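Take a look at the structures listed below.
Below, subunit A partners subunit B and then partners subunit C, in two separate complexes.
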Partner chain A sequence: MSSTEIERQWTTRLRHRAAGKLPPEKLLPDTQPSYVSSWIYVFGVATLASLILVIATGCILALRGPSWWHGSFIGHFVNSLHLWSVEVFFFAMVVHLWGKFFMGAWRGGRTATWMTGVVTFLASLMTAFTGYVSQSNFDSQWISTQAKDGINATGGGAYFNVLNMGQMLMWHIVLLPLVAVILTAVHVILVRMKGVVPPYDDAASATSAATTEGATK
Partner chain B sequence: MSTTRFRPDVDAPEYKGGYSPYDIIKEGTIAIVVVGILVVLLAVVFGSPDEPAITIKKWSNAAPIDFATTALSELNGTSLSASYGAPYNHNGPGQQLGPLALARWVGVRIPINSANDFVINPLRSQPNNPVLKASLTAWEKARASTRSTWVANYTKVAGRMTFTHGNVVVPATNAGPVPVLINDLTHMARTGALDTALLSGNGFYTTDYTKPLLFIADGSYLGSLAQKQHMLGDQWGMMNETGSYPGQPWLWLYTFWYQVPPMNSSHSGDLEVFAIMIVLTLVLFFLPLIPGLRAIPRKVKLYRVIWREHYRDT
Partner chain C sequence: MALYSFLAALIPLNNYGHFIHWHWLYISYANFIVICLMVITFVAALLLPFPGHNRRKGNR
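Showing the complex of A and B:
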């Protein structure tokens, strides 16, 4: 087999492309720009850390089935861990989102990073919601019977039946976590590829404003 | 010049400053440990809510009149389920936003016939009751107009319904088999048999609680319990959960729209709220591309607090 033939292989091409876009020193950096020194950066990492805990506690609940936590002290405690890791996850994610907004984190070709973050947030909302309606307790009875009207009004209730606990549980533990984790991975890879957005350059902004005014006049 | 002009809300300046050591693996590990400790502390101190689900048995024993009245509303077609429209039946217009009638366009995909599914079919499963059997036969053989007359006559005096010595008593005349049907369904519910009958429609195994949940939600007992738990729509409904737990505060904006006119009293309030949230979500998604909105952070200048060390050093 010639070297040209090897270079033409899909696998070789994909490896070269991936290594070019995301070399190891970008994926696992050992330095970072000095401006990355603010408490706001903690919340992105905290979001990822709490997501790992959400998945871990969810997996433990899945091991014993959907009714385990109702009648077992250990099960109920694991459920409490699951609940609070979700609460911390959303708190960290919302602060992260607002922080990124006020940093204008889409600048410098980072629009896709922003957009994947927004979609991840939506997927997380749906994952949490399906968790609430598949708890099989009073909360899930009330929340599902109220939420059905909103979803039915869009036509979606015909296919996404919040009163069907089995369907909601499957969405909660398989489909939506898969989507959320894949989106999170894409989001993090984009962050590593593009790097952390640099601070606004006030001088450049002022120059730009002057240029615009001059052009208008 | 315009092609190379720096756009402060779109472009990022080239960073020419210094770099600091950064151990991403160590940082991630510390984050997991710290968040893990925080979560364990919260779980130990606060636990989690688990208010038991209510059953039809519990409902009919706690509030037999409410149960019997709800059963009647399934027969006379006035319950929420009976008059819902799509996706359950064709008995209601459904919600509409201008020309958009999305649910109606999708159609009936989860068919619910309230009278048959919640009253008649469950009663058929009751054995060894000749009076009930005769009443069901009379119901089935009667014309639709006759049934309507019976149900209407019963409904007229249903306000005087009492629950005496374990029986639903209504001073109805010319109501045909309706008094027996309502009374026997109440008996059935109070033994727990109706919970099973509504679930077993699909065979032995089931995870679909659509029918019992629709029936329970048609009564006022579930809502009265939810009100005590501050979970009604005008109490910021879905984002709350039982007890004093935080619930889903991330749904605050969605829930907010239900608190303000016209959505809080509109027949199509759910669809209107969804429409607002879809627009706002699209704005959030496309924010980097929207002039004016994407300039907000630069004009607010909160970034100078976030990167205060950077600006101080430069």
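Showing the complex of A and C:
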């Protein structure tokens, strides 16, 4: 195969494009800008860490099943770990959301980063909701019988039946986690590509410096 | 198991929930406490110094 043919292959073109957009030193950088050394920047990675724990404990629960998580001591413990890692996940995500909102994190061509974050938040809410109605206990019965009226009022009950335990469990353990994990991966890749949003002071001084430099040239 | 029973006795979860009802606001104490903790964490994250912040300023 000639080098021209190799260059024209879709795999070669895709690799060049990916390496151009996200070189390894950008994907896993050695240093960060000084403004990142603040506690408010910790909550994004705290959300990611708790998501990993949610997925890991969810996998263990899926392996053993409801009789184990309701009927054994270790099952109760893993079930509680799954619940509390979700609580930490949402806690960290909301603080991350507030921080990014007040930073205007959509600035500097970061609209896609912001929007993937918003949609991930909504997908996570749906994942948590289907989890609460899949507990197979009185609590889940109460939540689903209360929620059915709201869902039916929207006309969505024919497609999303909260009283259908099998459907809710499949949404909770297959579809929604897949969506949440893929969106999170895209969100993190976009953060690496565009970089962490600078504070308003830094962005303003960078703009004024560029303007002054342009005027003196 | 004894520890489990001890903790369950300390924090009884089988009672009716407690709610705050103030004009239009109707929220359980549990949710209210979590929201307060999130606000406190948010403010603390903005105000508390981050370890090594001054050292990193030189790398700007």
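Assume the second predicted complex is superposed on the first by the 200 of 217 C-alpha atoms of A that agree within 3 Å, B and C clash if a C-alpha of one lies under 4 Å from a C-alpha of the other, contacts with A are read in each partner's own complex, and residues count from 1 in each chain.
Simple rule for what comes next: a residue touches a chain if its C-beta (ideal position, glycine included) is under 8 Å from a C-beta of that chain, and two chains touch if they have at least 3 such contacts.
Predicted model only: the values in this text are computed from it and were never measured.
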Of the two partners subunit B and subunit C, more of subunit A gets touched by chain B
Could you tell me if A:Phe43 is touching subunit B, subunit C, both of them or neither one (first, second, both, neither)?
second
Please work out whether A:Phe73 is in contact with subunit B alone, subunit C alone, both, or neither, and reply first, second, both or neither.
second
Does subunit B (first) or subunit C (second) touch A:Ala147, or do both, or does neither?
first
Between subunit B (first) and subunit C (second), which, if any, makes contact with A:Val94: first, second, both or neither?
both
Between subunit B (first) and subunit C (second), which, if any, makes contact with A:Val186: first, second, both or neither?
neither
Touched partner set for A:Pro33, first subunit B, second subunit C, both or neither:
both
Looking at A:Leu169, would you say it contacts subunit B, subunit C, both, or neither? Reply first, second, both or neither.
first
Overlap of the subunit B and subunit C footprints on subunit A, listed as residue numbers
31, 33-34, 37-38, 40, 42, 87, 94, 99
Going by the contact rule set out above, which residues of subunit A touch subunit C in the complex?
31, 33-34, 37-40, 42-43, 73, 87, 91, 94-95, 98-99
Residues of subunit A touching subunit B in the complex:
28-38, 40, 42, 45-46, 48-50, 52-53, 69-70, 76-77, 79-85, 87-88, 90, 92, 94, 99, 101-104, 106-111, 114-115, 118-119, 122, 125, 128-129, 132, 135-147, 149-150, 152-155, 157-159, 161, 163-167, 169, 197-201, 204-205, 207-208, 211-212, 215
Taking the complex as given, what residues does subunit C use to touch subunit A?
1, 4, 34, 37-38, 41-42, 44-46, 48, 50, 52-53, 56-60
Give the list of subunit B residues in touch with subunit A in this complex.
1-2, 5-15, 17-25, 27-28, 31-32, 34-36, 38-40, 42-44, 46-54, 84, 86-87, 94-95, 102-103, 105-107, 109-110, 206-210, 213-214, 216-217, 222, 225-226, 229, 231, 233, 237-238, 241-242, 245-246, 248-251, 268, 270-271, 273-274, 281, 284-289, 294, 296-298, 300, 302-303, 306-311, 313
